[in-house]
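By letter and in written order, the chains are A, B and C; residue numbering begins at 1 in each of them.
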Amino acid sequence: MSIDVPNTKRARAQAKGPFGSVGKVLDELDDRLGVAKGGRTFMDKIFPDHWSFMLGEIALYSFVILLVTGVFLTLYYIPSQDLVTYHGTYLPLDGMRVTEAYASTVNMSFAVRAGLLMRQMHHWSCDIFVGAIVVHMARVFFTGAFRKPRELNWSIGLTLLTLAIINGFLGYSLPDDLISGTGIRIAYSIVLAIPLVGTYIGFWLFGGNFPGTMIIPRFFILHVLIVPGIMIALVGAHLFLLVRQKHTQFPGKGRTEKNVVGSPMFPVFMAKTTGFLFVIAGITALLGAFAQINPIWQFGPYEASRISYAVQPDLYMAFLDGALRIWPSWSFHSFGHTIPFEVTVPALILPGLIFGLCYMWPTLERLFTKDNELHNLLDRPINRPKRTAAGVSMGVFITVLFFASSTDVIANFFHVSLEEVLIAMRVLVIISPIIAYPITYRICKELQHTPGSGKRKTANVVTRSEDGEYIATSSPVYVDDAHHGLAAVEVPRFISAAPDEESETSGTRVVER
Amino acid sequence: MSDRHEERTPVHLQGLSPNDPHLQPASKNPQQVERVIAVCFVLGLVLVAAFGACFWINAQPWKLGATLGGGMTFLGIGLVAWGKYLMPQGPFVEDRHALANSKDDRDAFAASIVQRGGDVVKRRKLLGGLLGSGLGVFTVVAMFPLLRSLGPLPKKTLDHTDWKKGSYVVDSTGRRVKAGDLAVGSIVTVYPEGTQNSDRGQAVDQTVLIRISNENFTTMKGRENWGPKGYLAYSKLCTHLGCPVGLYEQQLQVLVCPCHQSTFNVLNGAVPEFGPAPRPLPQLALYIDASGNLRAQNDYDQPVGPGFWERS
Amino acid sequence: MTSFFKRVIVYSTLLLLSLGPVALFTGNANASGQKPYQTPYQTTRKNAGTPNSSIVKKDKNGMVITYGNSAILYKAPPSALDAIGEALFMQNCASCHGTKANGVPANGVSGAYPNLVGLGPATIDFWIDSGRMPATNPRAVEAPRRFARLTPSQALAVSAWVNSLDPSLPDIPTPNLTNANVADGAALFALNCAACHTIEGDGDALANSTFAPSLRDIPAYQVVEAIRTGPGNMPRFTGNLSDYQVRDIVKYVTTEIQHPNNPGGLGLGGLGPVAEGFVALLLGVGLLALIGFWVGERE
């Protein structure tokens, strides 16, 4: 320590080192944690540029919004099925005997500042979250990003989707309003339909016969702590694997299996992704501002003998509801026992099969193609026609089930008979996947044989020579279509500044060894 | 400080000249882009501040959402545009090193687990077995507090309702329903007296009472005197998933479940005509006592609601 | 191994899928078949519930002029309108319902059309006033609500004449909503009405091509008429709902159902999760994916 430090600006700056106080903090950190090298690598980490890689970010940031708004909601929500008399600002409920859960949710909507906005944002971002996961999953599937070495991350993603759906249902149930109560009733009946142990599981889950007194508190702790806890851990693992295995990329100029081409983490990607987070939060807030979602005060509190027509679950559960609607009434009833196949098959076996197939897919594909290589370059979907066709088939199947959950609304909207809509759905759910497969397959095959497909065609200029001969010459590519990108270079370790009087040599930096 | 400073060795690192095209912004006209971004940021800033003001004065939700959402969106768009148009355009490349280690490393790892661990266990088989069985027993024992304490056993509770021989039929306010109360074509949700305000009454005992005519009505063989003066009572729990079958169409004489549109024919004992419900709604036998009150002859002759394993 | 497994999987999938069409023909034996007991617009008569009110005013012949209480006042249509009503009936209704309003047209058979005698003035008034009658398609399963062809006073006259053939109840109601309890109305609405009309009052498709209408633009007295007379497939609520309870329901319908203040923004047509799902997928995920396209793609 020098004793007489001249108290000038330059001297103070010099004492801090070339990177000022930030550098000093980083030095101190590195002394204790040794983060300099890893942090440096992380700052240089390359993210490939492609729009479809942003879909996962929509899901990730919706999850962030869910966590933030969810914390706000827990401050005002009371997870209790005790009955209270509502005396709040919403007059049509005044004096009604309602559960504390319901009363607190209504109060949160009307009496808490920004409470309604937060509730609506929470619900909208939940819908966006699950929707974005599915779209992201479709991207991963159709481009073959799930292949070795990324099968584990595929499974983690699927588990996240499952948990998102479950947690969405749990959260949807918490207000204890008429519609969500009906949903819980259906869930209870589905649990009862499990052969052999269903009644036991149902009684233990609900603390007795429906409705019991425990389900709201139990759903609450599952919804706000246990399931999100697991999800946060899995999102962490998902991102860790992404960083560790590095992002996949589409084939292109200078892109190989052994490199990643794109923008560096800091500052380019950081700016774009943070900006995207803001935009997602902004759009969610705008939806929360202008589109009303789940107006539980109109629905009223749940009572087991009340019911509303046109009850649908949220969009992520819709395919299950659709399956329950269109599955015929086949019940097994013999030997003194009942297996309610009309519930067991569509509500338990069918989702089991769908998700099971998704979990198995990377393994199945490896078995069939005998492809055991590592893949970091993505497929164009048209180059894998069978996989693409299978994916489209599954997508169509789920979509029909999704629409089947609103047979009554469709019938009412188009003013056709409810029965006809339902039978049409039964036909569609079988026919459409069967039709979708060969059509997709053919389209892929055709596109494969069309070089330059998807790009703008240039005009052929036909000229007539003096002899009367016609000659067709293709005109040059559009300027916009021509590839004039730069070749990729490594992120510079140091950008040489114009030499000033301070530094001795340009391109020199003092680093700690 | 100075000591440490001396330990630093100047090293030359690879770099790019500031004129390198990779370091140029992607935008052809950075000044203009910068102005647009600045406008975005100003708008974002103003709107976010407005959100604070709206929050302070407790404005309507749409004002809160519009200012917050608009502010965030503008800030976000500005930030994205900054990163996209004004920062070094690249592209940059990073090597992808193989994650797999060398054969030697793998073998050493496997050996340390298989051989070292195997030796330890093999040498003390007794201890290993004991520890294993201890943990196994703990797993089984742990099930008891985890599962068993969650709720009661179902026993036979699903087989019965609170309807008993002679139960008075009351509506949701607890008023006893009398034979002259309902006109033909009317429906009312009823409960056995005393349960109309309880959860169980609501969830299990709920029954729809329909008057379909003025004369005694028989829905099927063996139910000859179940419908006195045209009053029919069916369990309100759908046999599909237990939703309340509250949708009655008086000309079609059907009860429809609003959840999944199972349709039950009221006239022939609520046999399902359409939809996923597998069984008829159980019918409650009624009689009219001397003072004109509707009363139940007995409990339902079968479990109400959706199917379950123990249902015989 | 693969070819064998491939074949097993392909064939078992095909087998499973071919089982599918079986599903189409189960569980709906009578779904589209005409029901023997289904007659359009049929309502039972002479059983529309007794006046459960304290004050009944009768004229010197013993005919009921008004009855009711502070909640709802039921008024019989004035007999002075009989003649006008008869003329209107012959012009607009007799071609189907017959000149005696008994459902037997001049050259038709009994039972083809509803007999109107003894249905009570409120029933006649409701069908005409809500525009359902005269019907556009007399053989349709349902007569949907539309712009009324006869004015309210003409409807009153017709109901006066039909009532004069066989005086019966209920009479035409006038609800007084000043002291109504909207919270009780909400609870009763959820218990009795929401199963068909939905909790937001938008109506929905019911069994066999019938529809529950939306409650959006219905005047208060027509709500009472519908509750008390049970038009079409709607059940009738008589002895099980007091006039005070009906008034509460009407208050809830005419305020919160017809004019929800939607503090959370656009009501999305009251379609619930269906509309919400579309908005979330198209406006939420779709718009964000478009923005993501801008964010992620290099120029």
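The criterion applied here is as follows: contacts are C-beta pairs under 8 Å (C-beta built on N, C-alpha and C of every residue); 3 or more make two chains touch, one makes a residue touch a chain.
Note that the structure is a prediction, hence the values are computed from the model and not measured.
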Hey, how would you classify the chain contact layout here, line, ring, star, complete or other? complete
Would you mind telling me which chain pair, A-C or B-C, is linked by more contacting C-beta pairs? A-C
In terms of Cα-based centroids, which chain occupies the most central position? B
Distance from the mean Cα position of chain B to that of chain A, given in whole angstrom: 18
Averaged over CA atoms, how far is the centre of chain A from the centre of chain C? Could you give it in whole Å? 42
Determine the centre-to-centre distance between chain B and chain C, using the mean Cα coordinates as centres, and give it in whole Å. 32
Can you tell me which residues of chain A touch two or more of the remaining chains? 49, 116, 120, 272, 275-276, 279-280, 283-284, 287-290, 303, 305-311, 326-330, 408, 418-419, 485
Can you pull out the residues of chain C that are in contact with at least two other chains? 27-28, 31, 191, 194-196, 206-208, 263-265, 294-295, 298
Could you tell me which residues belong to chain B and also touch two or more other chains? 61-62, 65, 80, 84, 89, 91, 172, 189, 244, 246-247, 258, 261, 272, 274-276
Mind pulling up the chain C residues that touch chain B in the complex? 27-31, 35, 37-44, 47-50, 191-192, 194-196, 206-208, 210, 230, 232-240, 263-265, 294-295, 298-299
Under the stated contact criterion, what part of chain A meets chain C in this complex? 49-55, 57-58, 91-96, 109-110, 116, 120, 123-124, 127-128, 131-132, 135, 178-179, 272-273, 275-276, 279-280, 283-284, 287-295, 298-300, 303, 305-315, 318, 326-330, 367-368, 370, 406, 408-409, 411-412, 415-421, 423, 426-427, 429-430, 434, 485
Applying the document's contact rule, which stretches of chain B touch chain A when the two form their complex? 1-2, 5, 7-18, 20-23, 55, 58, 61-66, 68-84, 87-96, 99, 147-148, 150-154, 157-158, 172, 189, 199-200, 202-204, 206, 236, 240-244, 246-247, 258-262, 272, 274-279, 305-312
Per the touch rule, the chain C residues reaching chain A in their complex are 2, 5-6, 17, 20-21, 23-24, 26-28, 31-32, 181-183, 185-187, 190-191, 194-200, 202-209, 211-212, 252, 255-256, 260, 262-268, 271-274, 276-277, 279-281, 283-285, 287-289, 291-298
Which bits of chain B are touching chain C when the two form their complex? 26, 60-62, 65, 80, 84-85, 89, 91, 171-172, 177, 180-189, 210, 213-214, 244, 246-254, 256, 258, 261, 263, 265, 267, 272-276
